[in-house]
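Take a look at this one; I'll ask things after.
Just so it is clear, A, B, C and D label the chains in written order, and each chain counts residues from 1 on its own.
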Amino acid sequence: MMVLISILTWLLLLSGSFFAVVGGIGIVRLPEFFSRLHGGGITDTLGAGLIIAGLLFQEDLSLVTVKLLMILFFLMVTSPTSCHALARSAMTQGFKPVLEVDTLDSNKN
Amino acid sequence: MNSFPIIRVITKLLIPYILLFGLYVQFHGDFGPGGGFQAGVIFAAALILYGLVYGLPAVHKVAPPKVIEKLTALGLLVYAGTGLACMLLGGNFLDYDVLNHGILTENHFLPEGQHLGIFLVELGVGITVTAVMTMIFYAFAGRERVTS
Amino acid sequence: MMDFIVIPILALLAATAVTVARIRNLWAAVMFTGIYSFLSASWMLILDAPDVAFTEAAVGAGITTILMLATLSLTPRRHRKSSRLSSEDFEERPSKSPVFPLLIVTITGCALVYGTFDMPHFGDPNAPIQVYPEPSFVEKSQPDMHGLPNVVTAVLASYRGYDTLGETAVIFTAGIAVLLILRKNTDDQGSSESQSVTGENA
Amino acid sequence: MDLLLAATETNDLLFNDYALVVTSVAILVTMILALIRAMLGPTVFDRVLALNMFGTKTVLLICVIGFLTKRTDFLDLALLYSLMNFIGMVALLRFSEYGSFREEGAEIGSSAKS
């Protein structure tokens, strides 16, 4: 049982860290705002969710579990809302996704 | 924020939890991190979030400015009144040991004197901080931009 | 053991502070102060001061950001368009020479450092803070408070009750002062409903 | 299997702590990347996105530090951070959208209530 929990913890934490770093690289490397939202989305939901799920297995069932689940709930609710609101606000203020590759190069920061 | 229906719905969902968390911080402050000041700020943050999303008139209905103005003084009065009550019961100012209630305390209807005093004092701090923060937000949000 | 967390956090704090000082876009500067309070709260957490970190997170990251944005929204903006959508960071330096302010800052810093020579050494067992309450508050608190585990609350609300009363009074006074400065004149006060209906133009 | 079990039980804490160390390093790297985007970020939306991501990463970092130092009361703080992060984001968005806190009544969409 301990081995199983250990393996599960490692698996969840490592995959969570992987997705977090991938999203971080995405937010820096991707060329324009709407594609950067992808990176933000990955770290804020998948990375955070997997890391907190990994932490859940570290502790017995107690108040700590409840608090972790609350944090997970808040993160899962607020991060996609923020992403959506940002995208929508950007659209209404006149930013459009850049679709062509050659216009992308001229738009680069 | 009328053009953000999702934010409106999520705010409606979150505000009860923020208030509940504020209560937890207020009353659990003797046992874990937190206390009156932090709880007051969290309460004010919930009110401000409501004001940001639903507009100033809506939050004025929930917490009328006149009530908020009186609450600022009330919190301080609760704090000082606790000290005064200690003096009336025969102790020094803010000496909570005299707040012990004999039978009530022994049967755990009321906590120990020190515990009760800290509870009341933190309550006073919480009320004042909530009211002051909300009032500052009202004062800022109620004005218009200085046009030059 | 915690060095691998401490060093990056301090480096990030320094980087954020330098950015706040150098950036010209006020809107972004407010945002970076938010990041700064997030980082400093994590730093206080590592220093084992969760109460301070709590305050920093609630006040610094939440309320202060909102109030600074509110202040920013009240001040006139010369570059309205540019501050909205594009960044003109690291531009428009002040034209005056920085030598004189730098001199003042250096002298003040030297005076402050000179002042610290009178302070007791770090961890000095004979320092007043170590010797004054004979059994220290940490030892006394558990029996005195009948088992309240949080020493910080005990010190703030009970041992130093006068101080906290003063602090609450200071908050109260600050609120009254802000109200006196910012509240509208008496003739259009108390008619917020009618204003919101007419939708006064800014 | 028994050998593996014994090996993990003797230094189980240490073994799992390494996962936490790796995770915290990954979170710190992500924080640095988010800060870089916040510094570069040509538009305000890039900055707000980076700030939001930074806040989420701080929440995770606090959780991991709490487990690493075996002080799980830090989780209250993480909870507060996630709430404050959302409130700050709403304020920033509101400000960048309307430019002021007062213009709600004058906005065009005020009749189209959700």
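Quick note on the criterion: a residue touches a chain if its C-beta (ideal position, glycine included) is under 8 Å from a C-beta of that chain, and two chains touch if they have at least 3 such contacts.
As the structure is a computational prediction, the values presented were derived from the model and not from experiment.
Summarising the inter-chain layout, the chain whose CA centre lies farthest from the centre of chain C is A.
Of the two chain pairs examined here, B-D and B-C, the one linked by more C-beta pairs in contact is B-C. In terms of their C-alpha centroids, the spacing between chain A and chain C amounts to 29 Å.
One simple way to say how far apart two chains are is to compare their mean CA positions; for chain B and chain C this gives 20 Å. The centroid of the Cα atoms in chain A and the matching centroid in chain B are 34 Å apart.
Looking at chain A, residues 70, 74, 78, 81, 85, 89, 92-93 sit in touch with two or more other chains.
Within chain B, the positions touching two or more other chains are listed as 3-4, 7, 14, 17, 25, 32-34, 38, 42, 45, 48, 52, 55-57, 140-145.
Along chain C, residues 50, 53-54, 58, 62, 66, 70, 73-74, 84-85, 196, 200, 202 each make contact with two or more other chains. Within the complex formed with chain D, the residues of chain C that make contact are 2, 4-5, 8-9, 12, 15-16, 19, 27-28, 31-32, 34-35, 38-39, 41-42, 45-46, 50, 53-54, 57-58, 61-62, 65-66, 69-70, 72-74, 84-87, 196-197, 199-202. The part of chain D that touches chain A in the complex is made up of residues 4-5, 8-9, 12, 15-16, 19-20, 22-23, 25-27, 29-34, 36-37, 40, 42-43, 45-46, 48-50, 52-53, 56-57, 59-60, 63-64, 67, 72, 75-76, 78-79, 82-83, 85-86, 89-90, 93, 96-97. Interface of chain B with chain A (complex): residues 3-4, 6-7, 10, 13-14, 17.
Across the complex, chain B is touched by residues 50-51, 53-55, 58-59, 62-63, 66-67, 70-71, 73-76, 144-146, 148-150, 152-154, 156-158, 161-162, 164-165, 168-169, 171-172, 174-176, 178-179, 182-184, 192-193, 196, 200, 202 of chain C. Residues 21, 24-25, 28, 31-32, 35, 38-39, 41-44, 47-48, 51, 54-55, 58, 61-62, 65, 68-69, 73-74, 76-77, 80-81, 83-85, 87-88, 91-92, 95-96, 99-103, 105-106 of chain D are the ones touching chain C in the complex.
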